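What follows is a set of notes on a single structure, which appears directly below.
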Amino acid sequence: MGILEVKNVGKRFGGLQALGDVNLSVAENSVHAIIGPNGAGKSTLLNCLVGKLIPDSGSVMFDGQSVLGRTPYEINQMGISRVFQTPEIFGDLTVMENMMIPCFARRDGAFKLNGIKSVESETEIRDRAEAMMEDMNLAEKRHMHAASMSRGDKRRLEIAMCLAQEPRLLLLDEPTAGMARADTNNTIDLLKEIKQKRDITIVIIEHDMHVVFSLAERITVLAQGTPLVEDVPEKIKGHPKVREAYLGETAAA
Amino acid sequence: MTNKLTRRGLLKTGAVGGAGLALPTIFTTGAHAFTNEPSGGTVTLGFNVPQSGPYADEGADELRAYMLAVEHLNGEGDGGMLNTFSSKVLEGNGILGKKVEYVTGDTQTKSDAARASAKSMIEKDGAIMITGGSSSGVAVAVQSLCQEAGVIFMAGLTHSNDTTGKDKKANGFRHFFNAYMSGAALAPVLAKTYGTDRKAYHLTADYTWGWTQEESIVAATEALGWETVQTVKTPLSATDFSSYITPVLQTDADVLILNHYGGNMVNSLTNAVQFGLREKVVNGKNFEIVVPLFSRLMARGAGENVKGILGSTNWHWSLQDEGSQAFVKSFGTKYGFPPSQAAHTCYVQTLLYADAVARAGSFNPCAVGEALEGFEFDGMGNGPTLYRAEDHQCFKDVLVVRGKENPTSEFDLLEVVEVTPVGQVTYAPDHPMFAGGALGSCNPGA
Amino acid sequence: MLGLNKKDATLLGVVAVLVIFAPFILNPFPADSAMAQFNAGYPDLMQRFVIFGIFAVGFNLLFGLTGYLSFGHAAFLGVGSYSAVWMFKLLSMNVIPAILLSMVIAGLFALLIGFISLRRTGIYFSILTLAFAEMSFRLAYSVLTPITNGETGLQLTLEDPRILGQTATENGGIPVTNLFGLEMRSTEVLNLGGWTFQFNNGYYMAGALLLVAFYISIRIFRSPFGMMLRAVKSNQQRMNYTGLNTKPYTLAAFVISGMYAGLAGGLMASMDPLAGAERMQWTASGEVVLMTILGGAGTLIGPVLGAGFIKYFENIFSKINEAVLHSWFHALPDGLENAIVWVLEHFVGSGWHLTLGLLFMLVVTFLPGGLVEGGQRLGRLFGRKKDAEEKTATQSTPAE
Amino acid sequence: MDAIILQILNGLDKGSAYALIALGLTLIFGTLGVVNFAHGALFMIGAFCAVTLNKLLNLSVETVDPTRTDFLGNPLKVKTPYVETWFGPEFGHAIIDWSVPLAILFSIPIMIAIGFIMERGLIKHFYRRPHADQILVTFGLAIVLQELIKHYYGANPIQTPAPGAFRGSFDFGAMLGFDPNTIIYPYWRMIYFAFAAVIIGGVFAFLQFTTFGMVVRAGMADRETVGLLGINIDKRFTIMFGLAAAVAGLAGVMYAPINSPNYHMGMDFLVLSFVVVVVGGMGSLPGAVAAGFLLGILESFASMNEIKSILPGIDQIIIYVAAIIILLTRPRGLLGRKGVMED
């Protein structure tokens, strides 16, 4: 039994069948990649996992509990964190504040009216945030406005924020999209390092094969809303169905 | 003396803490007998009129009248109504020998803003009397403030029964007529002109003044045999009255009574005419429109539509009596156009106040109030007038007017149809429309 | 000090000094001088400064922190005033129960309106709040007249039952609002040379509450709760995916800010026991929005400055009339005097709105951060360095 | 039945005014992303274009008539408009009579010029500023414009009549086979409705069928991308502002005979038009028009006695009640697009 079990999930948008009949099982502490051409339903699937979309059919179980019908923040509190394609951070806040918020969320839950104590006196939270920033090489930028950082640093910050919550499952939605090769490699190294240091399950949706094959332990190929094949990277590389799906895409493009 | 807004007292040197600069001349000595007792050679009056908002023009005209009154009290200009006023104690040397000065403020036609403005006049400028305003809500609010503060309030344009009815106050006085008087004066003329067998449809501004006027007119017309088909409240904020006018077409009403004032009146009347109500024939009679409270300034906004419409007004510049002529002459000479009824009532109120002070020999609000109560006078444009002691309302003739068919100028919009004698508009102080309040006792403040 | 860092403690100290010495600071000109027109140190206006200061500080807790632009905040001030006046009519002339009730009622009202309106964001939220407030105003003005006394406003009468207290005083007047016997409207006057200074009980009580309100606002700004609110403004999506439920955060901010408005309304009624329906009109809601933006949304002191600025113009400039202008310039040759007066009279007296409108445009064009930015620029001119953290903490980036 | 028909007519009529103002407002919202609190003032200025033209045409030569006296007893000065002396009394009178339709021509260049000046001189500096700043600056501008008008024309409403030929009312009922005199409707209000329909249709056609309109619509959808195509979108947006100002101004000109203009009529309509735009849905022109007519008709029905007797005061608040219900059931109003002014 994997930590994440997706069974028979389907989703329609009007006349478009975005997800057909998706089955997916992600083993605990593995790195699992979902790949597929544009429009294959990768993002829709991801959105079904985090509560942004509710599938029309099927079930999504995380650690034995259904996530369906829960809101994104509830699912997050269950232990699923999400990294977005374009970094979603608190642009108006400093890096330090950005880091503290997930620490609060982890300690206080979805809501706490903590209105009198000052942020400065929350030493426990500050220490955690500091430690995380040290860990992620963000400490020097702690007073910077998050919005004024480079794209790579924003990505780093977003991942750091997710990790600060100590999630059991980290979902990455095309984490290197639009990045230069050097930044992409940095991100790969960062994710490898993360995986080394802690027990965490990572699901990564990616376009870039280089990233996928550097990181993934298992790969699911999605095409037209249904899983085409699932296997270890070595097997996927030469798989005829995968070639067909991608070549088909190339031909169509 | 718990009832005071300001206690102007002496502060001990110690309390200021290190007031080492204390010199004998620093402190005023002795408490005043009443709020803002004038010291020195001047006395300050507070003119609180709408300078912004829909009644700003009326406010501007009121202010012109006040400035004229101040001139006349100080012995400048031609003296205006001072020459025709039946009481002759004012000598043109200010009030009790003190030169009259004034401060002005903006009521914005909002109770809050009007009170703020009046308070600043009392607290900051030392005004001994507050006057002005162009709506009843403001008049009532400022009147109660003056009662608490211990100064006299001489109401400006306020037509609601409540001002001298359930909201009357010992320190407040109204010269302007009221809704009951409009009804009492208008009804006989309506009956005479349009007959006693009429069916009336009322559109009424949905706030206190509108309701008291509707109540008054309904009572007065029904007493003469009219039937009230329907009374409909319209929102104050309404700008387009078409959806209130069209239902009139569906009834068998043959008279439309517009209990509206200001912009509401202009728009509802214009709309009614647009919908052809005036050409309509119902029950074999010509359909008629009545505007119980006319304002010439506002009537201009309705242009041709006022022609032939009956209504009532407190005063009109075309009156031929000596007092009116004197006032129109000095106002017209100074400003180039005739005064409005709002200007008239404000001018008269200022003179009446000054006269009462002079007769009482004191600025003390209680003495002034006593001098005004039951005061009978003449020569102020409305014929013999009584300031009734029981409710501080002036009783005088009321004008019934009609929109003029062939105006000779932009000011010549109304013609006086009838001067309803005072006896016909007088009511008992405990009349049910005025019941519920009490004057209380006068408050001189500190 | 008081759990504040040095900078905030200094700011609070400065505000406290300003509040305590306002009767002196606002009356810089001798009472008989021509410039006395500009004196603002009389009880009513000083009370208004602090009461609208409280209102704006509370509004800023919502708008400045979360970016939710409520266009109906005056409704809470209005219900606060009505509650307080009813308390005076029915219970006692002591201001404490009145103010408490006004905060509670305003809070409940805010809970209801906030719960519904916060289902939407951005301009949809603004219009929902506007709709609720306009409904309240219009009903209060007309059909709810039995409760609100409509056009005139709810006031005390000589027939109020008043359970704990007298219906009327011995000499037939209406009793006065008080704090355990200390009359709100009583004023001590100090004449010092040509200067007149007025010390009013009500003002000092309202001033004390402003300091409390301001202190609480600083604490909220600096608290994790305040940080969460700024995070809501910055990125709601990230909030949700960080396991945080934004709705209770925004609702709590809305209710707290509604209670501030209720406090302001209760205080207004305590200073002057009348509650007018216009207090709830959209123009009144718009006014607090303008105060906050003008002063500097999201800053601590900005809303107080904005409130003072607008109230000053409303009360001081509107009272300068032609006669006053002539008295200022009468030393000049007649032609010049008339010319100057003719120009200036457009901007004062009945033209005070024009001046205010022009100043809105000038301030927002040249001082994007509001009056606070003006202060900061002045500060920089005198070479004070700015702390980076302070800048981020009080930054003025209103909602987009 | 006839009562309902009449209220529908009333609603269409009110709706035309709401829709016209909201149309311009939403154009500015949608294209420029600017919250324009001065839009009501533009409507008011339009109405005062009609007033001004009327006054200009009435500029008069004064002759003294010794046989009559004025209110002070001096000989009366009789005013004869110059146009009447120039073109003869009859034709001159006709020109004055037709001042409102003439004011349409008069107002278009003025309103476009005002729109350009506003956009180039003020608004363009606020494109990248927060909405709050836009509110403050445009509100300030609205106050200034309003005060200027108040200064020159006073606070009271000023009557600006429609041409004599259109002052009467038309008996619909007789035409539709009802009893005569049951469904009558003023000519000018019908003209207003027709005029609004033409203007709305014109704006839609302009945006739909011209290249300019296509670019602007694309810009409304995605400003950045259009900018990347090397199209000078800013210049087109300036023109859009002028167009929006002209639409508001024309709405004002034509409204003048319905209700006498006063200096604060803009503010009276401002809040309402914001409600209309938002109920219609941000960024949607058809939404704004639909919401304008919907709220106009609802308002008219709410003022019927039958409904008021069940729900007293409903006519005071119907627009707001409707707005709340619509916004709660449809998160982005009637036809709003996602992501416009939602954060």
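Per-chain numbering from 1; labels A, B, C and D assigned in written order.
Assume a residue touches a chain if its C-beta (ideal position, glycine included) is under 8 Å from a C-beta of that chain, and two chains touch if they have at least 3 such contacts.
Given the structure is predicted, the values throughout are model-derived calculations rather than measurements.
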| item | value |
| --- | --- |
| Graph separation of chain A and chain B (steps between touching chains) | 2 |
| Central chain of the complex, centres being mean CA coordinates | C |
| A-C or B-C, whichever has more C-beta pairs in contact | B-C |
| Centroid-based (C-alpha) most distant chain relative to chain B | A |
| Rounded Å distance between chain A and chain D, as computed from the means of their C-alpha atoms | 51 |
| Rounded Å distance between chain A and chain C, as computed from the means of their C-alpha atoms | 46 |
| Centre-to-centre distance between chain C and chain B (centres being mean Cα positions), rounded to whole Å | 32 |
| Inter-centroid spacing, chain D versus chain C (mean Cα positions, whole Å) | 34 |
| Junction residues of chain C - those touching two or more other chains | 138, 142-143, 353, 397 |
| Overlap residues in chain A, where contacts from two or more other chains coincide | none |
| Set of chain D residues in contact with two or more other chains | 313, 316 |
| Chain contact topology (line, ring, star, complete or other) | other |
| Listing of all chain pairs that touch each other, if any do | A-C, B-C, B-D, C-D |
| Contact footprint of chain D on chain C as seen in their complex | 63, 67, 69, 116, 119-124, 126-128, 130-132, 134-135, 138-139, 142-143, 236, 282-283, 286, 289-290, 293-294, 297, 346, 351, 353-354, 356-361, 363-365, 368, 397-400 |
| Partner chain B, residues of chain C touching it in the complex | 39, 42-45, 48, 138, 141-143, 145, 150-153, 155, 157-158, 168-169, 171-176, 183, 185-193, 198-199, 272, 274, 276, 278-279, 314-315, 318-319, 321, 323, 349-350, 352-353 |
| Complex contact set, residues of chain C against chain A | 3-5, 219-220, 222-228, 230-231, 233-235, 237-246, 248-249, 252, 256, 388-389, 392, 395, 397 |
| List of chain B residues in touch with chain D within their complex | 52-58, 60, 206, 230, 232-235, 237, 239-240, 242-244, 246-247, 249-250, 263, 266-267, 270-271, 274-276, 279-280, 297-298, 300-305, 317-318, 328-329, 332-333, 338, 408-409, 411-412 |
| Chain B residues within the chain C interface of the complex | 2-9, 11, 15-16, 19, 21, 25-28, 51-52, 56, 59-60, 63, 67, 102-106, 110-113, 115-117, 119-121, 123-124, 135-137, 140-141, 144-145, 147-148, 162, 167, 206-209, 233, 235-237, 437-438, 440-441, 443 |
